[in-house]
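A short worksheet on the structure shown next.
Labels run A, B, C and D following the written order; every chain starts at residue 1.
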Amino acid sequence: MNTFYETTTRVRYAETDRMGVVYYANFLIWFEIGRVETFRQMGFSYKEMEEADDSYVVVAEASCRYRQPALYDDVILIRTRVTESRSRTLRFGYEIRRQETGELLATGETLHVICDSSNRPKTLPEKYRRFFPLTTAESAKASP
Amino acid sequence: MNTFYETTTRVRYAETDRMGVVYYANFLIWFEIGRVETFRQMGFSYKEMEEADDSYVVVAEASCRYRQPALYDDVILIRTRVTESRSRTLRFGYEIRRQETGELLATGETLHVICDSSNRPKTLPEKYRRFFPLTTAESAKASP
Amino acid sequence: MNTFYETTTRVRYAETDRMGVVYYANFLIWFEIGRVETFRQMGFSYKEMEEADDSYVVVAEASCRYRQPALYDDVILIRTRVTESRSRTLRFGYEIRRQETGELLATGETLHVICDSSNRPKTLPEKYRRFFPLTTAESAKASP
Amino acid sequence: MNTFYETTTRVRYAETDRMGVVYYANFLIWFEIGRVETFRQMGFSYKEMEEADDSYVVVAEASCRYRQPALYDDVILIRTRVTESRSRTLRFGYEIRRQETGELLATGETLHVICDSSNRPKTLPEKYRRFFPLTTAESAKASP
């Protein structure tokens, strides 16, 4: 539990701004890449979850703390973990690091509600539950 | 015919890149704003065209010629006109100008195919035809 | 103090995603629009603050709570206020509403550090201080 | 000459729009990825070219022809080649394919002017010339 799943992406010119660093909203796009690749590494495709099981992981809250700027052409290491799993919600934690140096650039968190295509909350389908064992009071305490 | 429809937008920080100018792909987003506001000024809503009439103005070709950089916080004047109108296709021409000086920053063109929600080409519904009179051989010659 | 400054923007096609709603990272771009227009309404240009006074309002933290989806072509009301003002930091609070109905779509907050162009923290230049009176213990308590 | 350089990227949720396909401006971002990875595979870094040699590959023209929609989570194959190389300009051609099926999704072209950081055209520095042998009348004829 609370394992980090890792993936990388390279900073695009389009992601920089005139301050010469990555524009702050793009970190949330990287969080999304982290979630999707976490799902793939766990063993399922988010696309299929939407299309075959009418289950959307809809964002309810997002936050990011920026520590160091991400720079053009940097290889970015996106580290994602599940920090809370309830019947209808999932919470993820993120670390964004510069791959070359390991330097921590940002940390973040998102909270999601499982919804159907009409945006109505629903219980996470059983077939996905094994990837997201319910967070117990104990594990919730342990996770920072 | 060939009237320019005008609208403005202000350059966002997010749209700049580390060269200190607007990133080139964003001009295509401005073209889209130009098309949608052209439709609104003509008298209909593109959103309704999609939702009520299952007609999508799907892009088939886009081009842009960049002349001067667009800068952060500039008010951008987007000038759009219909340059060709056929039973299943529409062509638009664009001028992007710095509002304050009138300076021409870019020109562009897009070609679109009318499609249904399954991406199948269809004839433009009759109710929209009056906004897009068919281009005749003569008018086609006249339009640069 | 704690006045809301208001501006609007219309949802672009580019801002929607395949769920049919505005992609979550774009709310942070709207926050940025809110900040910049707040500065303009207060009486100064953020662009000049960067270029003439070497003072960048660098983001340190951002958070957003999503309540209702923003939809294509909606006119979005962005309400921004300064919630904390210290010698080197500024905090902003945001409300994102659907203009037509007044419906609250999201709330958010960002914390910023004033930096020079080398990304070194600095005190907010005196000429801008009058727009950002220092938050006292009292006003901090009053601001939610 | 005219070799294709290849790289891949996976379609992000952020890149889709409410039509359920990739928004058209994003193809120009993929072209940029294609250029930068072409440079890396040739043996130099575009970032260094900007920072160490004050040479920016500034876009003057871009065009794209869209054939099939790119879909969420698709692995996209970006194929890039140099189609023209002159003392101060470079032209690139692109193919965008769905990696899994090989299907051609789009073709495109960009023309660039080598500029210094003040946006003044300049001759491509000698150290980069070997990567971009001057296009002769013959090779220009051969390249479609």
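Please note the rule applied: a residue touches a chain if its C-beta (ideal position, glycine included) is under 8 Å from a C-beta of that chain, and two chains touch if they have at least 3 such contacts.
Since the model is a prediction, treat every value here as computed from it, not as a measurement.
The greater number of contacting C-beta pairs, out of the two interfaces A-C and B-C, is seen for A-C. Relative to chain B, the most remote chain by averaged C-alpha coordinates is A.
Between A-D and the choices B-D, B-C or A-B, the pair with more than half the same contact pairs by residue number is B-C. Chain C and chain D have Cα centroids lying 35 Å from one another. Centroids built from CA atoms put chain C at 24 Å from chain A. Chain B and chain C have CA centres that are 30 Å apart. Touching of two or more other chains is recorded for residues 13-14, 19, 25, 29, 32, 72 of chain D. Across the interface of their complex, chain D is touched by residues 19, 24-26, 28-29, 32, 56, 58-66, 69, 119 of chain B. For chain B in complex with chain A, the touching residues are 13-14, 16-21, 23, 25, 72. Interface residues of chain C facing chain B in the complex, by the touch rule stated above, are 12-14, 29, 32-33, 36, 45-47, 72-73.
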